[in-house]
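What follows is a pair of complexes built around chain A, which joins chain B in one and chain C in the other.
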Partner chain A sequence: MSEHIVSVRVYITIFLVLLVGTALTVWAAFVDFPFGLNTIIAMAIAVTKATFVVLYFMHVRYSTRLVWVIVGSALFWMGIMFAFTFADYFTRSRLSIGT
Partner chain B sequence: MIESHAATPEIHGHPALQHHFENMEQQREAGTLGMWIFLVTEIMFFGGMFLAYTLYRNLFPAGFVLASNHLDITLGAVNTGVLILSSFTMAMAVYFTQTGKLRPQVWCLVLTLILGLTFLGIKAVEYHEKYTDRLIPGRIIPGAHFGPDPHAFHLQAGAPELAQIEMFYWIYFAMTGMHALHMVIGAGLLTYLIIFSLKRRFDPEYHSPVEVIGLYWHFVDIVWIFLFPLLYLLGRHLGGH
Partner chain C sequence: MKPIESFELPSPSKVNYLNAVYGLKSWLLTKDHKRIALLYLGSITFFFFIGGIYALMIRLELLTPSGDFLESTTYNKVFTQHGIIMIFFFLIPSIPATLGNFLIPMMIGAKDLAFPRINLLSWYVYLAGGIITIYALLAGGVDTGWTFYTPFSTTFSNSYVVATGLGIFINGFSSILTGLNFIVTIHTMRAPGMTWFRMPLFCWSHYATSLIMILGTPVIAITVLLLAFERVSGVGIFNPKLGGDPVLFQHMFWFYSHPAVYIMVLPGMGVISELIANFSRKNIFGYSFVAFSSIAIAVFGFLVWGHHMFVTPQSVYAGMIFSFLSFAVAIPSAIKVFNWTATLYKSSISYDTPMLYALGFIGLFTIGGMTGLFLASLATDVHLSDTYFVVAHFHYIMVGGALMAYLGGLHYWWPKMTGRMYPEGWGRFGALVVFVGFNLTFLPQFIAGYIGMPRRYHAYPPEFQVYNVLSTAGASILGFGMLIPAVYFVWSMRYGKHAEANPWHLPGLEWRTQSPPPTENFEQTPIVTWDAYEFAPPEETEVVGKFHGEVERAS
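Up next is the complex of A and B:
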């Protein structure tokens, strides 16, 4: 059996990282960052936390290539959905045919 | 080759091995892959709501900040911690199943279930606060239509931001409601795992149900990891109130 068993040490480390990330995101929310960076910082922390969960709690780091492709495809289609929708909504005001 | 089709069961096969798989490893990997494909559909499902959130937040920035500042940041943060801890205990349940330790496996599953129910309990307290503040959007609740006290948001009666605040709460209830529904389903799945763990159904060779429900549980955790900053922490640095 080639199944990789993630060690308890790794699980505890990820757990602590997630707790620190939560504290960090609450702290960062009250700091007035320039250039409206607050949302970007909040999302960067959330993406980092999610990545740790996916790679270690969900074992993707030790999964087959096929699982990697499936996970990647989800992000790819999400990207299409957001990009195409924004391309529509955020350019409507440039047209004279109304919203 | 015809003999291999005879009805004699595999001598070395695990009782949980289905006939259409070569061995336990192939069966387990197929199960994990199938779960991930389901999770992709879930990501797209929640993705649509995150898209709606982004568009309306862009359209109504002021109302969204006012509405978000009204949410209880402490309850939201505590619930984030509860859910992260439950993800950890779920991961440990998978670990103890893989290493064949039945008692800690069952205890971890029970802990995960308790933490999941704790999350739902705190969520219910929050929902009740929204109910008493008349923040349930639309006219869903008889006798308690959307109509918060404008002064609670530092607004005059009839201010245009009130409609924006209502839109925030539509999205808030749609997203946290769907998330809570996933938690309820997850609690049901955990109950199933606890019962069948006690029946010694899972072992280091066969633990796909624990692994796959674990994937589901972690996915629900990830949704909350994004919901918490997006719903609760909006524009806090502007020092609203």
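Up next is the complex of A and C:
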């Protein structure tokens, strides 16, 4: 366990950042972006918020390298799930049998 | 030969973990991994009986072609609840939470798991999930199949999907906590000299299982949460009418649930490695291959889930990749089977009850695994998917494999856990009855499925009846066979012969302390100077299969 004490100021700052992120998400949902960018923008905001939570609220920023490796491997595993799932979705139209 | 100082028969002491403290509170608030293992043993046995009653109802209904015993809707609930109880509340916790909990600290020479309180918490979390699920069953049950496929589960089913999902969601955390505990314990609590490659293979397989528990379980939790969310709020995630995709559910579900089949069978493989090496008194053939094949199964098991989706609109390209990888993941399983068999070669085998279960496992697991390859082939699966062939396939692995290993392990370590011997003659008899009953139950299902009998129907065309009659007859024998150990285990707790510290004469650390062990497992921390299955080669001693500690003491 890292003994690092995070100051209340940092917590409040991150909290405000998250609130701004939420407001942005709501705003972006009502705008019709070109090229179907809506999803990408919404996801980008969400990922940024999650990163702040992981780094500061979950103290990963102040943790040992081992913890970084664990977080990294969890992300990698999530990557496997996305990669193989998209391997299905992106190749569905390539070959159609019986249609 | 190197002397083994720490091998001294423990001084016989009357105080052990069972009688050190008394009273209900001493059990319900215990932090002793051995007592928590027994709490788990009691609760999973309870769930096993409930699941067994559903199995009985299924076999009774299928005795005749017409749906005369249960309504079709009731039948849907019965097989769903059989699957949910058996998978999530019996098989997934079975070996890890009982035998693993009890033995991992003992095998590596530790006093307890790394986080004893978290261990106790995991049992309470398990109970909470179990109680909620039982509530759902009593309130009206659930009829979606244990796989909860959308959009039926989110839109059309009128049963208690959300409550059951909540039970499974909560139960998942107990699995995560157990996995976390095992990983940290194995990394940090090994006794001096207990290197990674001196660990019994049971610990390696539990390490691999724990990896899957930690990396996979959160995904099933999120998946049932999304399912409940769509069902309750109508947000479109899986329902195509609302812009969702039902196949997405299957991706997410099987991302966990294929690895979960390895959560069920890997601990069993660990038990079998122990039994085969110890009851043939020989070091396991290719220790490091067997050890790393567990890790390989855990990792590659995450890359094959699409073989459950060959008959969905899943892309043919993805199907080809998943099919290929499914064949690849069979390799580490085959390594184990070959190495166990090679271990038996020229060894001195004793056919005690645990070994009978282990030998049964090798054959039954092989049949289960090989038929998995039939199903993993794109074309044959179109014919076999959703037939009784699939049902037979996974029962060969989950009952013929995992349950046999669990029973074998329970017999093997029963003297250590309870301090009593079970009656060996009855034990062997029970093992044989279980083996015969099992095969009579599930072998006909391969044939019925191959010639076209679908799964999950309460009525079927009369030409399938003969296979179903055989299967129901087999299930009766199997049920009877499993009552035999149930009865003598309970009997032995009071009347069984007192067990010595090392009734099987084996080198493992868990046998180098009294039976039952003291609360802190060992009188002093053992210092390990030997390998996991270091039996003396025959030329060093007249008595084949003595292990080093014994040889030194004798000479």
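What we mean here is this: the second predicted complex is superposed on the first by the 92 of 99 C-alpha atoms of A that agree within 3 Å, B and C clash if a C-alpha of one lies under 4 Å from a C-alpha of the other, contacts with A are read in each partner's own complex, and residues count from 1 in each chain.
Everything below uses one rule, namely that contacts are C-beta pairs under 8 Å (C-beta built on N, C-alpha and C of every residue); 3 or more make two chains touch, one makes a residue touch a chain.
These numbers were taken from a predicted model, which means no experiment stands behind them.
In the superposed model, A:I45 lies in contact with chain B only, and not with chain C.
When both complexes are overlaid on chain A, the residue A:V31 reaches chain B alone and has no touch with chain C.
Contacts of A:R92 after superposition on the shared chain: chain C is touched, whereas chain B is not. Within the superposed three-chain model, A:F84 lies in touch with chain C and out of touch with chain B [touch as defined at top].
Once the two complexes are overlaid on the shared chain, A:V53 sits against chain B while remaining clear of chain C.
Overlap of the chain B and chain C contact sets on chain A: residues 73-74, 77, 81, 85, 89-90.
For chain A in complex with chain C, the residues that touch the partner chain are 73-74, 77, 80-81, 84-85, 87-92, 94-95, 97. Chain C contributes residues 215, 219, 247-248, 251-252, 255, 302-303, 305-306, 313-318, 321-322 to its touches with chain A in the complex.
Of all residues in chain A, those touching chain B in their complex are 1-3, 5-6, 8, 11-12, 14-15, 18-19, 22, 25-26, 29-33, 38, 42-43, 45-46, 49-50, 53-54, 56-59, 63-64, 66-67, 70-71, 73-74, 77-78, 81-82, 85, 89-90.
Looking at the complex, you find that chain B touches chain A at residues 24-25, 28-29, 32-33, 36-37, 39-40, 43-44, 47-48, 51, 54-55, 58, 73, 77, 80-81, 84-85, 87-88, 90-92, 95, 98-99, 205, 211, 214-215, 218-219, 221-222, 225-226, 228-230, 233, 235-238.
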